[in-house]
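Shown next, in structure tokens, is the structure this report addresses.
Letters A, B, C, D, E and F mark the chains in the order given here, with residues in each chain numbered from 1 onward.
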Amino acid sequence: MPYVNIKITNEGATAEQKKRLIEGVTKMLQDILGKNPQTTCVVIEEVPTDNWGLGGETITERRKREKK
Amino acid sequence: MPYVNIKITNEGATAEQKKRLIEGVTKMLQDILGKNPQTTCVVIEEVPTDNWGLGGETITERRKREKK
Amino acid sequence: MPYVNIKITNEGATAEQKKRLIEGVTKMLQDILGKNPQTTCVVIEEVPTDNWGLGGETITERRKREKK
Amino acid sequence: MPYVNIKITNEGATAEQKKRLIEGVTKMLQDILGKNPQTTCVVIEEVPTDNWGLGGETITERRKREKK
Amino acid sequence: MPYVNIKITNEGATAEQKKRLIEGVTKMLQDILGKNPQTTCVVIEEVPTDNWGLGGETITERRKREKK
Amino acid sequence: MPYVNIKITNEGATAEQKKRLIEGVTKMLQDILGKNPQTTCVVIEEVPTDNWGLGGETITERRKREKK
């Protein structure tokens, strides 16, 4: 029954990585809190780097700075 | 004033279905809780099946299993 | 599998009203989109009126104005 | 450390506007609440007008009405 | 930079369990997606059982049924 | 019509501060994106420090470390 929402930037997470994330988080909720995995819901949202801000700048800007 | 967020997998909901959902939920909040429909906000998000996990597997995997 | 999040101000919704809302929204997702009700998840969040803004003012202020 | 989620309809917000929004909201949380901007996270989500309801109708319908 | 929101019913998760959940999810995002743990944000929300619906009924009702 | 959700830790934000935040964010969406303030909705959620993780530790732990 838990609901987990994971937001990340859309920088190329693969279907395989998302699959492992869903498996892992679902198992963790079962192991730590005893939650029934059958009704655990995990939703991954991938956000464009222009739309994500950290430290007052977009991730697009941050990535540019990092490359320099 | 209520805010409703509906997340579904992106498996082909039509504009007409989304319209009915918005009308229906807005009316329900008015009927049950007396909320003013003019400021009720409903946001539908459609999530790729690779990004939605239920029971520890992605909906992509689940749909494949169901087809077998 | 749909996930619905309903945010309202905490102005006295009863357990009975919340129950009807959960039943109604779950049924609507089944009727309109054919979603399996067994895994439909509805989460209602009740927010203090000081924490909800509409039209640039809090609902606390709005309620005061309405009473005048 | 604050987390801000801004949902708007996808009606052409530019990268520059989103940048200004992220800067502005981050600064506001620092000015008003003293929050460290380095860990303030702002996520902007742009929602299709078919998927956003206000007053029981979609923004798509509302825009059509407004044009008439 | 990832943001994770975990919603569970408020049925007695301890501070220790929440701590383990935060550690575990942060590490998983580092291991699977290479995300910097320093800016990973995890927010746990505990929801009253009257406010959580699954299968069209509240968790309050479900718990009563399970006890019989 | 925009919807803004601001999550902060519950460390004593006053009604006055929340009011200023709601006014400021609503105005910023009008100034930068031309959004009608009348239907802009801002919801502030205050989260216990045990329930907020940053850098893999809870804010409760972080505050203790900072005091030392």
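Some points to look at:
By definition in this document, a residue touches a chain if its C-beta (ideal position, glycine included) is under 8 Å from a C-beta of that chain, and two chains touch if they have at least 3 such contacts.
Given the structure is predicted, the values throughout are model-derived calculations rather than measurements.
Any chain bridging subunit C and subunit F, meaning touching each of them, is among B, E; the list is complete. Looking for a copy of the A-B interface in C-F, B-C or D-E, one arrives at C-F, which has over half of the same contact pairs by residue number.
Comparing the centres of all chains, each the average of its CA atoms, the largest separation from subunit E belongs to D. With chains reduced to the mean position of their C-alpha atoms, the one farthest from subunit A is C. Comparing chain pairs D-E and D-F, the larger number of C-beta contacts belongs to D-F.
Note: centroid distance subunit E to subunit F, computed from Cα atoms, is 20 Å. Rounded to whole angstrom units, the spacing between the C-alpha centres of subunit A and subunit C is 26. Contact of a single residue of subunit F with at least two other chains is seen at positions 1, 3, 7, 25, 39, 41, 43, 45, 52, 54.
Every pair of chains meeting the contact definition is listed here: A-B, A-C, A-D, A-E, B-C, B-D, B-F, C-E, C-F, D-E, D-F, E-F. Of all residues in subunit A, those touching subunit C in their complex are 1, 3, 39, 41, 43.
Those residues of subunit A whose C-beta lies close enough to touch subunit D in the complex are 7, 45, 47, 50-58, 60-61.
Of all residues in subunit A, those touching subunit E in their complex are 1-9, 13, 17, 20-21, 24-25, 28-29, 32-33, 35, 39, 52, 54, 59. Against subunit C, in their complex, subunit F makes its touches with residues 15, 18-19, 22-23, 25-27, 37-46.
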